[in-house]
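Each of the next two complexes has chain A plus one more chain, namely chain B in the first and chain C in the second.
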Partner chain A sequence: MDRPAIETRGLSHAYGSVVALHDVDLQIPPGRVGLVGANGAGKTTLIRILLGMLTPTRGTAEVFGLDTRAYELEVRARVGYMPEGNCLPPDQTAADFLIYAAALGGLPSRAARQRASDVLTLVGLEEERFRPLGGFSTGMKQRTKLAQAIVHDPELVFLDEPTAGLDPEGREEMLELISRLGSFGIDVLVSSHVLGDIERTCDWVVMLEGGRVLRSGPLASLVDVDTVEVDLIDDPEPLIAVLVAAGAAVERSGTRLLVTADGKDPFLLVRDALADTGTGIRSMGPRSTSLEDVFLAVEGSR
Partner chain B sequence: MTARRGVVYDLGYVRYDGPRLGRRGAVTATVRDGMFRILGFHRKARYKILPFFLLALAVLPAVAFVGFSFLLSNFAPDAESPFGGHAEYFSLIGTTVLLFVALAAPELLIPDRRHGVLSVYSSRPLLPDDYVWARFGALLAVLSLFLLVPQFLMYIGFSALTGETLMAELIARAGELPKIVLTAAVYALAYAPPALLIAAYTKRKAVASGVYLAVMLVGMGLVAGVVQATVLPGHRFAALAALIEHPNYVRDWIYGRSATQELIVSQAGFAPWVSAVMIAAVAGISLLLVVRRYRRSM
Partner chain C sequence: MTATATKPTTGRSLPDLPERAQWRATLAIAHKELDDAVRSRWFWMWAIAFALLAGVLASVALPGSRIAGSASFGRTAASLVALVQVIVPLMGLTLGAQSIAAQRESGALRFLLSHPVNRTEAFWGFHLGLSAALLAAASAGFGAAGIVTAIRSGGAQAGAFLRITLLAWILVIAMLGVGMFISAFTRRASSALGVAVFVWLAFVFLGDLGLMGTAVATRMPVDALFFATVANPIEAFRLAALGSFVGSLDILGPAGTYAVDALGPALMPVIVGVLVLWMILPSVGAWIRFRTSKDV
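Here is the complex of A and B:
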């Protein structure tokens, strides 16, 4: 791994008697990182600690190698944040608010105006920039929130539930924007409880549950356990016997079989077994393990 | 004629590699936004009406006084100005300033909390203390328009009317300037921090304005009643709670005027320096409590 963008050691935080994070050790590389977990898993608490907004009860957190408690202003000068809740003043126009957000990020006036205009165009709000934010739809508000998070050109942006409350079309647009951030050279940490969103936008995943890290690693390594799904016309038993004898694991559901093989290509095993037994099939294809499968499997094994 | 042909370049996202002003830039932006917010700039016209109406109420009498004094000087060159001087003008606009502070302080603090904008400040190079001091600075800056601009207009206007040459008279009257600035600071310190304190702990702007005016105006009536009820032990100390009167008492002290017996603090037998200490103490405690509030929520 390159130098981690984010690193935590023994990070814990409690709100009174409620433990939000428990002994979290993480090394997260630059790139697009997904932070997944159910509501209350500790995602927002982790982000707030990384921003220096919360002081952890125990442990340390570093962003770009800077301790978030000792160097909170230096860290904040290099990051952006899109909160889950509302953060938009309804009586200001999108342009005025973005100019202010850029100036708060330390940009001089002229640069702030230029950046505000550019970023509003980027998120597709150039036509709406002189409208008060109070009249914006949920989708437009989410895009404005994303715009304020990147208007000062941060190196890393934290997005807390960016697709919350969006309709399917708005969600697509938001996911598209998040995917593009990586190509702009901005590292992204996206928090979401929608696993599909993380699968589509991220290349590294951190799974949190009950304030603990379930898994942290490249998305590919978590979801690369390929499974072959076969739907049979004939009796499945002879085929199952041959597959098991060849070292495959078979899960049967009626006439449907899910075949996996440790260290072997399950496609080749199924092909050979079908040829040996002469079993007729309706369909056959890959069934990739989704992030949801991994999440449920890891959670179930605890 | 050949048609003009253009080429569209998709510049995509352009990284910013110019200067970054850091914390200083964030504080400056917060002060400027605060000033714009309480004057209604960058917002609909209706937000500008009240602040500019009150500003006109504070400034226009000074313009009128200078104008009438000019007319009067044409008829009776040796006559004294019937409108009083700088000290009296502070009394004249006191209520206007108080009303403005009652409206401005909630406008500075409450919308940011109510609409979640604090989370934006929290992600920028700005500490909670910076935010509070920047908002206080914005209020002081706008208050200076109310408290200093009319005084400077009178200073220049009366100098132009009475002197041989304007410059000579401005220099001759220069001793007034420190008194004007000091008295303006006293009024600003007496009025602004308590309003910010109430706004910091109130959810609605109208409630914050109402509570502030009640504390400053209605509270004074209660204090007067307690002070005059001589049967109560230590009754005279209630006069110290007459927050609205302290700046008047200190103003008289600065201008070397004997305090009128209309002032409750004076009736209660306190020296003017006690009022100065009270203003400083209330301002200090109020601002510390505001900072404490924002350290918890940012």
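Here is the complex of A and C:
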């Protein structure tokens, strides 16, 4: 990793006797990063520390090499934040709210107006910009929150549960918007307990559980487990015997086999074993392990 | 910035945050607070009620103005002072009490502090915006009374009228500061509002009747009675306002006579100074509490 966008060392935080983060060491590269974990895993606490809104009990956190305690304003000038809860004033129009957010980001009045208009267009709310936010649907509110997070042109944006409460259509639109942020030069850290959303939008994953880091690494390295799934027509036992003798691990469920092999290509092993035993098959292919499988496996192994 | 701050290790230069930009954020927050207050039903309720009552009081108190002249203005001014003593503190206290606690409760404070805005800029932005809203509401009442007074008695007492207006402005900002002080220490807006109403009752009623009762029961010395009275910002306003159009506090009885004798020409500056201290100290206390608070 060249230069991490986010780095924490021994980061801990406690709310009284409740430990929210415990000795978190992270190095996260620029790009699209997913922060996954169940409710109470410490995701929001980590984000607030990274924004300089919370002072950690112990350890340090840096964003773009800036200590978040010493350079909180500089960090927040370069980072946008889409909070999970509702923070939208119901009486204000979307345009006024975005202009306000842009002014808080330090933009002069005219630039704030222009930027607010551009960003509302980007998130598909240009027709609704003069409507009070109180009358917005959940999807429109989420898009407004995303718009305010990027209105001051940050280099990185933290999105806290961006698809919470959205219907399938709204969720698709939000994920599409998140995917497009990279093309504007904005790195993304998405916090979510919906693992499918992370799988679709991110290329690096940090798994948190109980305030500790379970895994942190490229998504591909976590979910691309070499497993071959074979559905057989004939009796599986002869095939299983040959595969085990060849050093493969086989998991059977009826006529379906899941085959893995440490240090060997399971496809070649299965192909050879099928030829040796003359077993007929219905189908055969790679079984991609979802992020959810990995999360549950890692969590279960603790 | 701490001495042990980690140095930036990226090649990027730090974003430019000149002083002007920070003032821009404070002004943006103040502007939003003012907008929110003006959109609120409470603001209009206070402004209209105060304007109506002040206008009616001025009309009722001035019927003999063509004959009595300044004596009639005295009645109008006394009525206005009595009205201000009750309404203006309640306006300031309730608006201030709901400011920080309500923002914290609704998540608006978290939203605000996620931007490149520090707590000092946020606090004084709230204060500035709410002060502007309260001054506008108070001015509406004095404007109504002033128009009636000017029409019926001419502009002869304009100076005294403006002095009372100025004192009311100081009182409302002082009460805003007390309200924000309560708000800075309270997690829920409803709790802050409850405490603010209690404080208002203490200032308006207990500070007056309670002090009288205590003075009788404990045979409080006259100097202690005077300073205990002046320590109450509402009483300080009343004394300063009465002094500004009557010219002497002898009318207040032994305590007034003592004050005139003991302090002489320094009397009015002392009373106004107390009011100014009430305007500054609770606000600064609220700011310190908010600045050092970890709650978002």
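Operating definition for what follows: the second predicted complex is superposed on the first by the 302 of 302 C-alpha atoms of A that agree within 3 Å, B and C clash if a C-alpha of one lies under 4 Å from a C-alpha of the other, contacts with A are read in each partner's own complex, and residues count from 1 in each chain.
Heads up, the rule we're going with is that a contact is a pair of C-beta atoms (placed from the backbone, for glycine too) under 8 Å apart; a residue touches a chain by one contact, two chains touch by 3 or more.
All of these numbers come straight from a predicted model, not from anything done at the bench.
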Side-by-side fit of chain B and chain C on chain A, or clash: clash
First (chain B), second (chain C), both or neither touched by A:L122: first
Chain B versus chain C as contact partner of A:T55, first or second or both or neither: second
Contacts of A:A101 with chain B and chain C, given as first, second, both or neither: both
First, second, both or neither for A:A275, with chain B first and chain C second: neither
Partner chain(s) touched by A:T93 [first = chain B, second = chain C, both, neither]: first
Chain B versus chain C as contact partner of A:G185, first or second or both or neither: first
Partner chain in contact with A:L66 - chain B first, chain C second, else both or neither: second
Chain B versus chain C as contact partner of A:A241, first or second or both or neither: neither
Partner chain(s) touched by A:A111 [first = chain B, second = chain C, both, neither]: first
Shared chain A surface residues [contacts with chain B and with chain C]: 51, 53, 72-74, 76-77, 81, 83, 85-87, 89, 91-92, 100-101, 103-106, 108, 148, 152
Touching residues on chain A, where the partner in the complex is chain B: 51, 53, 72-74, 76-77, 79-81, 83, 85-93, 96, 100-101, 103-108, 111, 115, 118, 122, 132, 148-149, 152-153, 158, 180, 183-185
Chain A partner contacts - residues on chain B that touch it in the complex: 12-16, 18-23, 25-26, 28-30, 32-33, 42-44, 47, 111-112, 115-117, 119-127, 298
Residues of chain C that touch chain A when the two form their complex: 1-2, 4-6, 8-10, 12, 14-15, 17, 21-22, 24-25, 28-29, 32, 35-36, 39, 106-108, 110-118, 294, 296
Chain A residues touching chain C - in the complex, by the definition given at the top: 3, 48, 51, 53-55, 60, 62, 64-67, 69-74, 76-78, 81, 83, 85-87, 89, 91-92, 100-101, 103-106, 108, 148, 152
